[in-house]
Amino acid sequence: MKQPIGVGMVGYAFMGRVHSQAWRSVGAFFDLPLTPSMAVLSGRSAGRTAEAAESLGWSAIETDWKELVKRDDVQLVDICTPGDSHAEIAIAALQAGKHVICEKPLANTVEEAEAMAAAARAAAAQGVRSMVAFNYRRVPAVALARQLVAEGRLGQIRHVRAQYLQDWIIDPEFPLVWRLQKDKAGSGALGDIGAHIVDTAQFILGDLLTGVSAITETFIKERPLADDSAGLSAAGSGVATGLVTVDDAALFIGRFAGGALASFEATRFATGRKNALRIEINGSLGSVAFDFEEMNELWFHDHTLVPEEGGFRRILVTEGGHPYAGAYWPPGHGLGYENTFTNEIKDFLEAIAGGYDPSPSFEDGLQVQRVLAAVERSAGDESRWTAI
Amino acid sequence: MKQPIGVGMVGYAFMGRVHSQAWRSVGAFFDLPLTPSMAVLSGRSAGRTAEAAESLGWSAIETDWKELVKRDDVQLVDICTPGDSHAEIAIAALQAGKHVICEKPLANTVEEAEAMAAAARAAAAQGVRSMVAFNYRRVPAVALARQLVAEGRLGQIRHVRAQYLQDWIIDPEFPLVWRLQKDKAGSGALGDIGAHIVDTAQFILGDLLTGVSAITETFIKERPLADDSAGLSAAGSGVATGLVTVDDAALFIGRFAGGALASFEATRFATGRKNALRIEINGSLGSVAFDFEEMNELWFHDHTLVPEEGGFRRILVTEGGHPYAGAYWPPGHGLGYENTFTNEIKDFLEAIAGGYDPSPSFEDGLQVQRVLAAVERSAGDESRWTAI
Amino acid sequence: MKQPIGVGMVGYAFMGRVHSQAWRSVGAFFDLPLTPSMAVLSGRSAGRTAEAAESLGWSAIETDWKELVKRDDVQLVDICTPGDSHAEIAIAALQAGKHVICEKPLANTVEEAEAMAAAARAAAAQGVRSMVAFNYRRVPAVALARQLVAEGRLGQIRHVRAQYLQDWIIDPEFPLVWRLQKDKAGSGALGDIGAHIVDTAQFILGDLLTGVSAITETFIKERPLADDSAGLSAAGSGVATGLVTVDDAALFIGRFAGGALASFEATRFATGRKNALRIEINGSLGSVAFDFEEMNELWFHDHTLVPEEGGFRRILVTEGGHPYAGAYWPPGHGLGYENTFTNEIKDFLEAIAGGYDPSPSFEDGLQVQRVLAAVERSAGDESRWTAI
Amino acid sequence: MKQPIGVGMVGYAFMGRVHSQAWRSVGAFFDLPLTPSMAVLSGRSAGRTAEAAESLGWSAIETDWKELVKRDDVQLVDICTPGDSHAEIAIAALQAGKHVICEKPLANTVEEAEAMAAAARAAAAQGVRSMVAFNYRRVPAVALARQLVAEGRLGQIRHVRAQYLQDWIIDPEFPLVWRLQKDKAGSGALGDIGAHIVDTAQFILGDLLTGVSAITETFIKERPLADDSAGLSAAGSGVATGLVTVDDAALFIGRFAGGALASFEATRFATGRKNALRIEINGSLGSVAFDFEEMNELWFHDHTLVPEEGGFRRILVTEGGHPYAGAYWPPGHGLGYENTFTNEIKDFLEAIAGGYDPSPSFEDGLQVQRVLAAVERSAGDESRWTAI
């Protein structure tokens, strides 16, 4: 009989929904060392939280996350709130001895992230684990890319080009949801989706950015106030407007410690691109390319073949021997967005049971935060090169 | 408070696993008129059935499906067994007043399918519903293709080219699993995957095949006996061999009632193709193309545009207004194989609650069976044209 | 100093234009054993032939091909007329001791093709060479596919799926050009483009079709008479109409001598497909796929790799070591349609100078003609299997 | 009878070969106002120049370009030499009253380019025309992209992402050809291919870059000396080595006057990418995307459609109504690299005959040179923002 572990989740919007699906499903796909129970959901409105708990499958609710953190039936806290509350909740939970998985970006500032990383270190000394939810690491194709790089199949890495392209706010009438407010979200495209490509690139390379030069822009500077700031979409009130206080797009170029040159672009104004997290990496022996819009595919060019047989091959990352894929369906029966969270939670539970620190750690999240901060500093200082 | 409905599932191999995931998840995505409870799982081996029930989330087990069918806590029977048992189980369940969803192909022979369709008609008169699980109809991109055709956007349909390409048995050492045995599976690639493209094509066109001319082939005529006939994969015993009694590939050309010409190919020997259910349809006003290996995309060519702006466009079928897609994630966050079953079950539950016959019905399944039988007859008679 | 060879071309419409470009360019790309001079162009109208000769670069004109064939400054005759005149011109030229390259399909009937093949055999005994212009064999990617198959890289061939998809006559108002008239063109999509995929498939496999089962259709049975029957396009007169006497589409399935199953589709009603000559071949060790709409690419799946690294790779067939490609530009600087003819003429000149029979020979053209005839017979006889 | 115009070409390596093919072919495709005659080729070695003239079809040779410029049978000078000689030759030719088409980048320094632009202005006042050979503007798909932007179909432009990716020097043993020497080539990837994407982006947008922030890198700092510095490839001597004095890669971000953000990357180390000139442009109403490796395709997303029907469509830019395409073959019969030069020369001849300044002018070439210089300055100054 597997040991149970009670989970308490804070927040039930977009991230809360997909985390719930992962908690619900993880045990059916993986042979887990711990059996998660969906114990408690917390949200500010009792009515709406209860409704969410019923549809998402949580056994109890709290209207104050501080109560959730204290509960005996909660051994693991899953933080799905906007970035402005991450530090407070995570630190409280860790100090209460609860394992913590926290949505990205880790925090809204480097200072918060430092405090969180310090709390994580202290907790780890007590066997309490923490993880930042960069779910795209758990796309099988991304994990395969990491594997190829780690095995040296790409040789010395020369180039990284990473983009995260969306278009959900190109309409100037799209309202001022929380993701467009600096006090809630910390930054705009940069922290929301730029954080993902920074983490994904650093993960695949197993290397860190050492400096950046950046520009950012807010194309639409004022928007209708939102009636409801719950997530990616919301109806505008049509009357009052407010200032957009975050970036719509961030572009930066940088260098990795190992010598690779990199370009990054995070934007919510790439018309026609819906969730195109793209990364291409070129090394002396080969290359990989990935686009989340076709998430089951990794393109791999093996430059050690004769030139006449070279070319980017489309690996359908659904084979039993591929990362995570063996837990699901036969080859060619693709996974979806939700499965990346299932994989992530499985890895977290294994780390908890195994007594080791999972990856990406809060330390990793802090390092990404430093990159984001350097991007903002450079963009505010004539794009000057800014060390990380 | 939604009315509960108890589900009993027969079989827990590949299909049983993915149906379980759908039953587990459907309520979190859709606002259902009925709340399914995963009541009973049946399988022949008590030990293995209990194990499966635990990991897949079923509350109780039976080792005889006849007991499952009788149980008061079961109002709906989900048949996930090989084709040789479909007729007996489905007819018994319907006669017991249970709603039935049955995996495809509906049966192993036209005669069995006719008996099942008759039972379904009789049951429907009592408000008992039945459905055959052609899940690919519930791929959002396929449903969108149907919608475009139904709205007349493709004009008069001229051409259908449909393929279902896999390669999982190209190794002659792959063992003689049940899917390669005529008494269990009815036919080979033809019934297993050919049935899907026949149904998908007829569904999208809203039209029926009237005749076919066919060839079939068994490339590897003898294979090692399998230790375990549980599903798509199995370890060969390495000593004894047995005859492959089904087709490895089936190719046929045909005509639809409305005048379209069609070609179909179902094969397990398309090296490098894993689960490529492909269909392209050309009409006087436009075309659509689909490949399940990129299941979140539908390619649409609108021929009413000026030629200089024409071209197949890649619609990412993840918008809120797309079939099924609104229940899941924001645009660009793709679905996976499992979600097609979730969509299917949602439609079935709505039909049960709404008091109407769901689609595809057993009658639809019977019609597909007739196509399969015509293919086999033509292939056995010098490819002569065979009416359906 | 290279020996010159005088060329006389019959016809100056679409094929004549592209052949002219090849004759004009071949010497700049390839180090030829013979230096072609564009000596004479023949056409029925003196004025229009003279105009064409000037723009296309021919030194002299004739208004009767019989005169062209007799001229001393012509040692090679290039036949670019509709199929109904191929046999007469080719046989006369061969008997006059001129080398002949003839557009495809070789003839309008098997009988004509047989007479041509007999004349070619007789001429070859005198060192006079002949070739049928299946130019798609000279696409570098197609030649590379042949090379991979010949080297055994695909193992035993199991499947061929070939399509040639166009859409230029889907408008019912498109006029009755010569390609839609049986007496001129022999057949419709079948002979015009179906011939190409039959030849391409047989060429890549190095194997012959042994039988087929077919359906054909004429979707639009009556069309406006054309003012001008010069080629692929023409303005309709808008008043009188005439019967379309050829097929709009032909679908057939067949078997190769070596055991491969094949499907073929040639149609001018594939809305949105412009010149999609597509072929995919699956063997026990690998697969290739090609689409002329992306003519510089060959997709190759090497099944001998571990499954985790398998996948169709996009070989950009522009490397120096690729067939023909080294004569042109650096890697990645693609070729166009016209270059396939340049390559073809280079091969023909080398065969003439080298004293061997080029490929595809008239014998090869005759064999394709037999396949086309079998398709028509099967289509007219309830799709019955028809041996070739 | 068209007026003839005598052409003199300087240089016969890669660019000389492809220009020759264009001069040879242009009259067969386009109805030109002037009939070019391939009069004189100049090169330093008499023997090799004579050989090139014969194979490429030039009537006479000179071993000193100064003689070529003086000749009466030369009215137009085509400069295909490395960048270090562009200014001297172009200015001399213009002063001699000869029309000039000059390969890109226009010059090796801004100063040279300024002198050339001044000479071009002076010459234009006398009816003497000049053009810089940014051939990629003449890819039909690129010209179509320009057309869509000019018509407002993309709305306000927000983003440009442009890359020119090659991999021909990733082998450290590849020798030190002239393109890797600053005194000959001016710069490396930046001037050779970066110049193309700067020009292409500015052309499609009809807008200019106002500033950039950049990094550049030379990955391999020392290479074997080349025996032969003729072009893209050369055999290394294997003994002595020399310093690489140009960049291997250049990355920069910038802003357009109209407000668009842009990223550019030019590299010869993008393993597996052969000639991937890529550009994607996002505007408030739509987007376009292009990759030269599939040069006959433009991807267009029309955001004014309902979201459910949106998506990037693959326009095969081979319709009669597409830029340049009507001069060639029927739809779907693609063009190759060489045809872009044919189109360019046609435009130049029309401008000469029409008495207007062609585009891109030397002024345009100078502006690109200023961008390249700003990139180098920024890269040498901590990536600081550098106005153009």
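Order of writing sets the labels: A, B, C and D. Residues in every chain begin at 1.
Here is the rule we use: contacts are C-beta pairs under 8 Å (C-beta built on N, C-alpha and C of every residue); 3 or more make two chains touch, one makes a residue touch a chain.
Keep in mind that what you see is a predicted model, and the values were worked out from it rather than measured.
Between chain B and chain D, the least number of touching-chain steps is 1. The mean-CA centres of chain A and chain D are about 41 angstrom from one another, to the nearest whole unit. Per-chain Cα centroids separate chain A from chain B by 35 Å. Multi-chain contact residues of chain D, defined as those touching 2 or more other chains: 273, 301, 310-312, 316, 331. Shown here, the protein chains touch in all possible pairs. Chain A makes touch with chain C in their complex at residues 144, 300-302, 306-316, 319-322, 331. Of all residues in chain D, only 14, 17-18, 20-21, 24-25, 27-28, 31, 55-57, 166, 168, 232-233, 273-276, 292-297, 316, 318, 328-339 touch chain C in the complex they form.
Residue ranges on chain A touching chain D, taken from their complex, read 154, 158-159, 161, 163, 167, 170, 213-215, 217, 219, 249, 251-253, 255, 259, 261, 263, 265, 267, 269-273, 280, 282-287, 301, 303, 310-312, 382-385.
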